[in-house]
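There are two complexes below, and they share chain A, which is joined by chain B in the first and by chain C in the second.
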Partner chain A sequence: MPKNASNDRKLVVLEAAQFQALLRALQDGGYSTVAPTLKEGAIVYDEVATVDELPVGKTDEHAGGSYRLKTRKDKAVFGYVVGPHSWKKFLHPPTLRLWQVRRNGNGLEFVHTQEQPPKYAFIGVRPCELSAMQIQDKVFMAGEFADPIYQGRRENAFIVAVNCSQAGGTCFCVSMKTGPKAQSGFDLCLTEVVEKKSHFFVVEIGSDRGAALLQDVPHSEATPEHLQKASAAVEQAASQMGKTLDVSDVKDLLYRNAESPHWEDVARRCLGCANCTMVCPTCFCTTVEEVTDLTGGNAERWRKWDSCFTSDFSYVHGGSIRTSSSARYRHWLTHKLAAWDDQFGSSGCVGCGRCITWCPVGIDITAEVQTIRSSETSKPK
Partner chain B sequence: MNQMNSNPMLPRSFAINRVLKETYDTFTLDLAPAQRHTGFSFAAGQFNMLYVFGVGEIPISISGDPNDPGRLVHTTRAVGTVTKVMDKLKLGDQLGVRGPYGTSWPVAEAAGHDVVIVTGGIGLAPLRPAMYELLSHREKFGSVVLLYGARTPEDILYKREVKKWRSEFDLNVHVTVDRAAGGWRGNVGVVTAMVPKAPFDPYHTIALVCGPEIMIRFTVMELRKRGVPDDKIYVSMERNMKCGIGLCGHCQVGANFVCKDGPVFRYDRIKNLLEIREV
Partner chain C sequence: MEKKSTETQSKPKRKPKLAVWKFASCDGCQLSLLDCEDKLLAVAGELEIANFPEASRLVQKGPYDVSLVEGSITTAHDAERIHQIRKMSKVLITIGACATGGGVQALRNFQDVNEFVRIVYASPQYISTLKTSTPIDEHVFVDFELRGCPISKSQLVEVICAFLNGRKPNIPAYSLCVECKRQGVPCVMVSQGIPCLGPVTQAGCGVLCPSYNRGCYGCFGPMERPNVAACCEQWSKLGADNGEIMRVMRTFNAHADEFRKESMRYENASN
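Showing the complex of A and B:
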């Protein structure tokens, strides 16, 4: 987990041809290198050994309920935005054994499943995703009880961020002030520049660990021309945002509109499939399952990702608290954009757009907020 | 701050020292640590996560005496998957225990005030520790009133203890039932109906309320009619919980986790939420 020290960070240039050297340096440092790969028609984060496994020359097109991979004209290594998965699957595993218990006569012997936290190097972490990690840090590590699984993995992680040089059709990080340029929370941050005759990364060094790693990777000083091209690329992304979300007073707006008829309108479209919560890089809910063996002498407790869109999520004796889809969508959206701020000190949304892209019916968080906002101005109280 | 190297999800083994059938569907378990016999300190109103082997883990409020840390007491109703199996456990069987978690009743802050407790059904269980505290420092409080409602006379929890409290000169205990067969000559009706005439000074009272959410809402209405301010009313909430320590998200209500910001809330801090359906 990088600790960003100074404000005037050093910038160097890494030629695209040397990208493999960066991977190797990380692997030599004992890291499992995890990066975007092509899997099942999508860009999916997975362990990689070489740069060839990255989606070089690919891009993605996003719209509500629609995702398509396309081939680019160039050989950009990071010429796309975000796929369905976020890095949370590595820091907050989708399924995890918490402990085992053995029956011994009448007695119970609990055995802690002690995890040796894996040492991941995350390569290609987008600025919105960095923000999502910082948001989950508050959920899992800032309270009275820390999640030891998340904490162990997070503190070990080496982060190579990548600034966005293009935006997707469902991106709105500019509205959420999380991108397209990473501000903090990385060891190294790359900005890719692809031109006819040159292909390089401007690398911002965000930590001592990042600086130390670069000693083993051939690089050169960044010239003003390099820097100008890199910042032009990021500015281009900022100007391409597919969506915008007006977050001014959004907290009070949603608190005021708990009984808005619009929630019913969303519920008529929502399938309750929970996709939005699975793809969201900040959603953190889990349930637990008991597993027993055939002898009846051993049991295990497993933790699994859960979603507030399922009907038994809020079950207490007598029934579920939130029986209707409208109440569940309201719960999710109001938590994400309003209550999260009161609870954890920031918005729970980073503007990555995944919940829009991966909603099978294309429900759009930005549009729903806008509808609530305009319904209010057209019918003042 | 946080406890890095321990696993806050891992229960400790506790053995059942006593099983007490309270009513036809409720029972009380006295537990003691299976390993070392250290005491279990808690504050009135807090809960534990109780794990039944191979079945699951659920939040149950602690219903024993905070001044008697040698006995860890829980009363529960056999209604769910876990509690039905828990009901079958015998003396010497072991459970997993994590806790104590959550906020507590403001017993210390209530000093110098009248205290009115309004509760229904098994809601008396998380309030019994508060009763014990009030009784052990009786001189610190003004009048102490317990208004308790049960479905039928057979559902009255801690019957012997409630009778004993009723016989004390310095306690006002009123019991009502929703419905009764012949033979019951006590109050019939909802517990909220007893609030208007209960002997407490509304301007110098702390109210502790626990029961179904509908009962909480109507009780608060009656308390406010008497003039009890919102910030002197405390309510205990119930929500689905998987972890008990603010990590699983199940007990989210507004900007709160009921497991750590509750279960006991000062009413003025959550009243906006309680007014929303399916919140």
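Showing the complex of A and C:
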């Protein structure tokens, strides 16, 4: 887990042909290299051994409820935005055994899961995703409910961020001030520049660990021309945002509109399927299940991702709260954009657009907020 | 969970008695029990399999501690028989799409059954059947439902474990999407435009179809509070015509309330 101190970080250039050397250096350092890779028509995050396993020359098109993989004209290594996976699947695993218990004579013998935290190098972490990790850090890294599983994995992680040089149709990181350029939270941060005759990465060194790693990777000094091209790429992404979200006063806006008829309108479209929460890189809710074997001699407790859209999640004695879809959607959106701030001191949304793209019916968080905002101006109280 | 217990404590002498019953169905779900292989031996170790004609001709009289009921009610005789079984069973668990959603044979519920009988059978006069195929819970109280065509073996073992240990079974009622996302399977509807019933179908199958790049066709039946109308609208947008949507709502759970109602809307729309 990198700690970035300096605002005046060193910049170097890594030729695209040397990208494999970066992977190898990480692998030699004992890291499992995890990066974007192709799976069933989408770019997902998984372990990779070589650069060939990355979606070189691929891109993605996003709209509400629609994602399509396309082929690029160039050989960009990171010429796409974010897919259905987020890094939380590695830091906050979707299913995990917490402990086991065995009957032992007349007593019980508890065996806690003592995880040797895996040592991941995350390659291709987007600026919005770095922000998502920093948001989950507030939930899991400290305080009363610190989670040792998350802590161990997070502290071990080496982060190679990638600034975006293009934006997707559902991106709105500019509105959320999380991108398209990474500010902190990485060991190395790459900006990819692809031209007809050259293909390189400008590498920003964000930590001593990052600097040490680069000693094993061939690189050169960055010239002003390199830097100019890299900033032009990031500026291009900033100008391409598919969505915008006006966050001014959003907390009070949502609190004022808890009884807006618009929630019912969303409920007519909302499938209640929980996809938005599953793909959200900051949603962290889980359930625990106790399982036993047939003899009753062994039991285990498992933790699984859960969602505020399932009725078991809010089940308390006597029934579930928030039984309607309108109440659930309102709860999710209001938590994400308003109550999160009260609870953790920041927005719960990073503007990655996953909840819009991966909603099967394309419900759009930015449009729903805008509709609520407009309803106030059209009908002044 | 595979390790045998080393416990030495004494157990109740009488093992709970299990019965397995068949109504209108293909036997696939009860065969899931035989298909549990190594787990089957463990089940037989903890439960007395007292009435299971697919496994043994030896039938012990009731009452039974737990009955697994497969199939739907399609004859007057079966409509009587299920009441007898309920009376003999402390706990009654229905297994599979026929028992919980009427099965594919519930297609008759939308037509005149006599027409089917005339088309299918050489001597229709020998056929005595009800006009409808209905799930077990329309006839008797059901303690727990296991969905699917066929049911999932692991869910079957889970529900038996829960019964034996007096705890709530971990059988979720939420959408298949939750399972897909936990397993990291990219959404076929969003990424490939393949119509999928996952967002309105109960989880539990282990995302069989989406993990083979196919849309879910709803064999686990409606999830908790499904928004079937909005899902079907999305199917339309992805190019499915009214007839196709009507038919996908009428497969293995044709009589499940939410699917049945939506199928009728699309039937009316396509007429």
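The rule is short, and it goes like this: the second predicted complex is superposed on the first by the 379 of 381 C-alpha atoms of A that agree within 3 Å, B and C clash if a C-alpha of one lies under 4 Å from a C-alpha of the other, contacts with A are read in each partner's own complex, and residues count from 1 in each chain.
The criterion applied here is as follows: a contact is a pair of C-beta atoms (placed from the backbone, for glycine too) under 8 Å apart; a residue touches a chain by one contact, two chains touch by 3 or more.
Predicted model only: the values in this text are computed from it and were never measured.
Visitor: Sharing chain A, do chain B and chain C clash or fit in the superposition?
Guide: Fit.
Visitor: Taking the superposition on A as described, I'd like to know which of chain B and chain C A:Glu259 touches: first, second, both or neither.
Guide: Touch status of A:Glu259: first partner only.
Visitor: Answer with first, second, both or neither: which of chain B and chain C does A:Ala274 touch in the superposed model?
Guide: It touches chain C, and chain B stays clear.
Visitor: Using the superposition on chain A described above, determine whether A:Ala42 touches chain B (first), chain C (second), both, or neither.
Guide: second
Visitor: Quick check on the superposed pair: does A:Pro84 touch chain B, chain C, both, or neither? Answer first, second, both or neither.
Guide: second
Visitor: Could you tell me if A:Ser314 is touching chain B, chain C, both of them or neither one (first, second, both, neither)?
Guide: first
Visitor: Going by the contact rule set out at the top, does A:Arg103 touch chain B (first), chain C (second), both, or neither?
Guide: Both partners, chain B and chain C.
Visitor: Rounded to a multiple of 10, tell me what angle the C-alpha centres of chain B and chain C make at the one for chain A, in degrees.
Guide: 70
Visitor: Which partner chains sit in contact with A:Ser231 here, chain B, chain C, both or neither? Use first/second/both/neither.
Guide: It touches nothing on chain B or chain C.
Visitor: To be precise, I mean the smallest distance between any C-alpha of chain B and any C-alpha of chain C in the superposed model; what is it in Å?
Guide: Checking C-alpha atoms only, chain B sits 5 Å from chain C at its nearest point.
Visitor: Intersection of chain A residues contacting chain B with those contacting chain C?
Guide: Chain A residues touching both partners: 103, 106, 290, 292, 296, 306, 323.
Visitor: What part of chain C is in contact with chain A in the complex they form?
Guide: 1-9, 39, 42-43, 45-46, 157-158, 160-162, 164-165, 167, 170, 172-175, 177-178, 181-193, 196, 198-200, 213, 223-227, 230-231, 233-234
Visitor: Show me the residue ranges of chain B that touch chain A in the complex, using the header's touch definition.
Guide: 1-13, 15, 34, 51, 53-57, 77, 79-80, 92-96, 238-240, 242-243, 245-250, 252, 254-257, 260, 272, 276-279
Visitor: Going by the contact rule set out above, which residues of chain A touch chain C in the complex?
Guide: 39-42, 44, 65-69, 83-85, 89, 94-95, 102-106, 268-275, 278-279, 289-298, 300, 304-307, 309-312, 323, 325, 357-358, 360-361
Visitor: What residues on chain A touch chain B, complex-wise?
Guide: Residues 98-99, 101, 103, 106-110, 112, 114, 139-148, 151, 255, 258-259, 284-288, 290, 292, 296, 299, 301, 303, 306, 308, 313-317, 321-324, 327, 331, 335, 339-343 of chain A touch chain B in their complex.
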